[in-house]
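Input: structures, listed below.
There are two complexes below, and they share chain A, which is joined by chain B in the first and by chain C in the second.
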Partner chain A sequence: MGRTGEDIRKRIARARLERMMVIAVVILVAVVPAIPIWLMYGWIISQSFSGKVILGILPTDLTLDNWRFLWSPIKMGEKEYPNIWPITINTLALALTVSGLVVFVSSLSGYALSRMEFKGRTALMQFIIALHAFPSVILLIALFVILNKLGLYGKGFVTLVGIALIKAGLEIPMATWIIKGFFDNIPWDLEWAALVDGASRWKVWRTVILPLVLPGIAAVSIFSFLSGWSEFLLVFTYVAQEEYYTLPVMIYYMIGEFIHIDWGMLAALGLFYAIPTLIFFSVSQKVLLRIYVGGVKG
Partner chain B sequence: MAKKIRRWILPLLFLTPLFIMIGLAWVSPLALTVYLGFTDLSIRNFLAFIQDFFTDKVSLTLDNFRRIFTAEDPNIPLTLKVTVLYVVSVLAINAFYALVLSLAIAFFVRNEVLSMILRITWLLPRITPGIIYALMWIWFIDPRNGLLNDMLRLMGVPEDLLPDSWLLRTPYSQLLMIMINGYVGASFGMIVYTAAIKSIPTDLINASYVDGANEFQAARRVIIPLLKWPMLFVTAWQTLSLLSSYEYILMVWGAGSGQGYGIARSAGVMVWSLYSYSKAFAEYLYGYASALSLILVIIGIVLIVLYFKIFGFRRMMEPSKVEV
Partner chain C sequence: MVRVTLDNISKFFGKVRAVVDLNLEIDDGEFVAFLGPSGCGKTTTLLMVAGIYRPSRGRILFDNEDVTDLPPKDRNIGMVFQSYALYPHMSVYDNIAFPLKLKKEPQREIDKKVREIARLLRIDELLDRKPAQLSGGQKQRVALGRALVKEPDVLLLDEPLSNLDAQLRILMRAEIKRLQKELRITTIYVTHDQVEAMTMADRIAVMNKGRLQQYADPQTLYNKPANIFVASFIGSPPMNLIEGELEAPDDNSVFFVSSGIKLKLPNVPPNVAKDGQREVVLGVRPEDLQMVGPGDADKEETLEGSIYVVEPLGKEFLINVQVGDHVLKMLVPADGMPEAGQRIRIRPNFSKIHLFDKKSQKALL
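So, the complex of A and B:
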């Protein structure tokens, strides 16, 4: 009897030791390396509302002065930066155009790939996946030449439209694939029933199918909106005039100017720009995650 | 006959917008990259080329590739070295560190709330817009205002090992490059792995407990073997995107130094793709830059074909699927 009691005690001790080791691993691997992430977010939030931060992230001297770019122009010596609102509108316009184009094109082609039989269907799907895996940034130089050739370079707002076209084109393979997945999940019978009742294919698409794939369309539009909203390289490379910058490009140049001088404004500006992304993400986390698993570049 | 035509007219109608967009954004730039790589296009003859594609001011040449492969361009060896260092180390973080991280978050941590907090934390680098992520790093590494040096001091790293500038001192700058991209890559790996771990039937894990395994053994003998495909997928996918990703390097070194991304060369973080970018948009040598890109394009195509062979069509799209 005593022997087994001791045995059990020994086993409990061992189990406890193992649990401790597990906890140690968790702390070492998942918690300690996460500290920089927490510090960075802590800093950007508290810095944006305070005149001075101590110990890196503790706010003192609360102020809204860092947010002054919302109501007055930003100046650096003689140079005056463009007002934030037109720049925000540029960013919004770019994101909305990308999102609209992507949704329109990918819902049509996603339906065709999911529902129609035609020659070369498998080959087309393979091609789309290959494009999806292919890193598009390599094409930046050739796209620059094409933009020039089409007369879309250096034309202010028209350049932004060209960028929206390109960005949408780059996003479309993935979006098509996602929407196709949503179409695949709709049972054929529903469509058959409507077709048998004498509805045309177009009518079926509009009245029966579309409502059922709306979640997919919502996901794709949010996703492409966000990727248009955070697009940096295309605008940075192709837009020459300041008034047609988007927010990330303006922030890039302002970091270069205001670093060490006005961390507060940079933090506020950054937060202002990141808020839509964070809100969208927290609202639609689940669907977006599924898409992210499908693979996003980078 | 009419029926036959209708059979392919309808798909064509639905697919035309797709073809136009893919033609504009993928096919034509791909073809153009191949062509430009064999030309001497630069700022000198650019305008003539834009006006007339077949102008005789642009000539076909193999010079670009000769300069690359014989390292006549003195920057090539270092660029190659930095690229290999970058891809291999970030890949290691993405595939292996992310695996341990996911095991910790999705398997070792039993508290749902804690697991959730950790998961969201590790997602943040990926969902934060790139320039904001860059801004936060620029602050974090700043020796005067940032906390990285303080944090390292607290962990007992001796003072003379801490650099006065993380951006400009090698090898600190290279370490920084790996960390910045590593956090983003770890996010990606974590998303794929945690989804896969969650989909493993708990019976399997419980069975191993009954057989007397502890948590480490269950992780090593049951879970990790089941994650073979997701691991291969993450490695494959990330190899491809790392070869061409330079956005964070451009943003952090370009904005953080206040002097543009040209600083990346002396900081030892000029990767191949950024080098190609700088040749095109800082030195206006479009032909040479395209040749540099073309090498990446070819590597990319070879890898994709290889991946199709290894994974097959299905697995390529369902990386988190676990086959028990």
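So, the complex of A and C:
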């Protein structure tokens, strides 16, 4: 019993239709929602380099005037804001401190949770997950009291250090879990081999295990850097002096305090704010993709 | 080189008894294999010798020195893992140099030793590669190089050949044996493959369910298995084991009786069948069975059966013979093709049969 030519043609047509429907669904789900986001990026770029835009996206003239905050103090109406550079350094310091603390603590604690048998290990892991359930908003008052008691409140740069500690504390539980997953994937054999080869446990961790979880460390450092870089609430609440603001807080003030908003400068500021993020991401994502396999299977 | 003594060691993981009361002595320069099915505690024992696991009970001695509490890094041990456990982020050179770097040997010395061992194992072309770029056999050599480069007192090998293909396995088998004899390192070799253990080891420790079954040289294990487990585990094709009873109707003859079988055992002293009757397991290796013609032997000393299936092995035929309710395997020289269904008469080589007590599983002869 053979199939007729017509039957086969019908089946091919149906297969084609199905394939086209799959493509249509992909476009609908993945591409369409991305369009407004790309439009917004387009807007922010064209707006930041021009004086006036038509229909919100077509630039009319090319100017660097919107980027003047890079070389002069920011003025809006009567109000003069501090220079952008110290603010950027504040933000960078906060983000790097958070990132450094999170990576240091979570790579050690993740190893301990993954590799060491001790009483209450499971309970501790559940507890760590529960920790992550608290958003920082509900902790604001308690944290204020603690910062005050520790003398970390209202002391300018020291306050930023306090905020970095809080932020790191909030990030560490999740980071520990992520890194623990990476440690779990490293076979015991590797660790044992290094021990037999003559390494101490600490040395094994440093020379054999840590290089293998670099992708995990990259992931954690990206996330914690971004969360430090974009931290708003804690800085907004606890930092009183303008010169210790970070970029998100400053952008907020520039939108919030004036009736006439300089959209051009705001766009430039927004773009400026995104640059370190992009750099950090492009550097660490290479490590993220460099996941070692092999050497284990035959 | 050292003599390794396991003094009554046990290892428990919670309720699981991985190794129970193991006593073993491995002489200086000896090649010992731990043989057993998976989960028998052989790898656990190896890891205790390495110092990765601490025994729950008992002591481990290197040359009469108690090393039970000595951390692995101070034991001067070389180990090859089943997975090879090469450090994936280091080159072959760095993998081999790793133990020497930890010993803080001078750079020039390290370089010399690494190249020497690489030449010995014929991997000197591969020193710049990463483990992911190596084949299974190459990885295996690198792992061996890393274990040997520090000139260990004891070499531990955990199923090192199980990830290789059959041909390479036979090649490496010979190579490891030669290397061990050349370097005269006390070696413990863990395997579940009885052929590997038989061909390589000076002595074999057969283990099952955490307990030592027999510790002897390969020939003794084969010819004088201490219990049913060893008898069934050693040898390929495996020994025929038939459950039945011993009967001694008078003072000078012993019969083995099972469903459909009654066989006179001329070499067995009647006192083995105590009180005239005893539950036993009879063991005969396939090569110790032979076909006999109708008038060739005492009829009471033969078994009659029909050929169930014939498996040609090239040099020999492996014939499955249905005798009573049992199927026995026998190896015969390959001449003429026996046919399935054919009635034949077979006779065991009575000097090579084995009898085990059914209850204690121990050998009676």
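Everything that follows uses one rule, which is that the second predicted complex is superposed on the first by the 228 of 298 C-alpha atoms of A that agree within 3 Å, B and C clash if a C-alpha of one lies under 4 Å from a C-alpha of the other, contacts with A are read in each partner's own complex, and residues count from 1 in each chain.
Note that in this section contacts are C-beta pairs under 8 Å (C-beta built on N, C-alpha and C of every residue); 3 or more make two chains touch, one makes a residue touch a chain.
Since the model is a prediction, treat every value here as computed from it, not as a measurement.
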item: Partner chain(s) touched by A:87 [first = chain B, second = chain C, both, neither]; value: neither
item: Contacts of A:152 with chain B and chain C, given as first, second, both or neither; value: neither
item: Partner chain in contact with A:176 - chain B first, chain C second, else both or neither; value: first
item: First, second, both or neither for A:234, with chain B first and chain C second; value: neither
item: Touched partner set for A:222, first chain B, second chain C, both or neither; value: neither
item: Of chain C and chain B, partner touching more chain A residues; value: B
item: Which superposed partner A:164 touches (first chain B, second chain C, both, neither); value: neither
item: First (chain B), second (chain C), both or neither touched by A:37; value: first
item: Overlap of chain C and chain B interfaces on chain A (superposed complexes); value: 292-298
item: Touch list for chain A against partner chain C, complex; value: 187, 189-190, 192-200, 203, 208, 211-212, 292-298
item: Of all residues in chain C, those that touch chain A in their complex; value: 47, 50-52, 71-73, 75, 77-79, 81-89, 98-99, 102-103, 130-133, 136, 139-140, 146, 150, 156, 163-164
item: Partner chain A, residues of chain B touching it in the complex; value: 7-8, 10-12, 14-15, 17-18, 21-22, 24-26, 28-30, 32-33, 36, 41, 46, 49-50, 53, 97, 100-101, 104-105, 108-109, 118, 121-122, 124-132, 134-140, 142, 144-148, 150-151, 183-184, 188, 191-192, 195, 214-216, 237, 240-241, 243-247, 250-251, 254-259, 273, 276-277, 280-281, 286, 289-290, 293, 296-297, 300-301, 304, 307-308, 313, 316-317, 319-320
item: Residues of chain A that touch chain B when the two form their complex; value: 15, 18-19, 21-23, 25-26, 29-31, 34-41, 43-44, 47, 56-57, 101, 104-106, 108-109, 111-112, 116-119, 124-126, 129-131, 133-146, 148-149, 165-166, 168-170, 172-173, 176-177, 201, 229-230, 232-233, 237, 248, 251-253, 255-257, 259-260, 263, 266-267, 270, 273-274, 277-278, 281, 289, 292-298
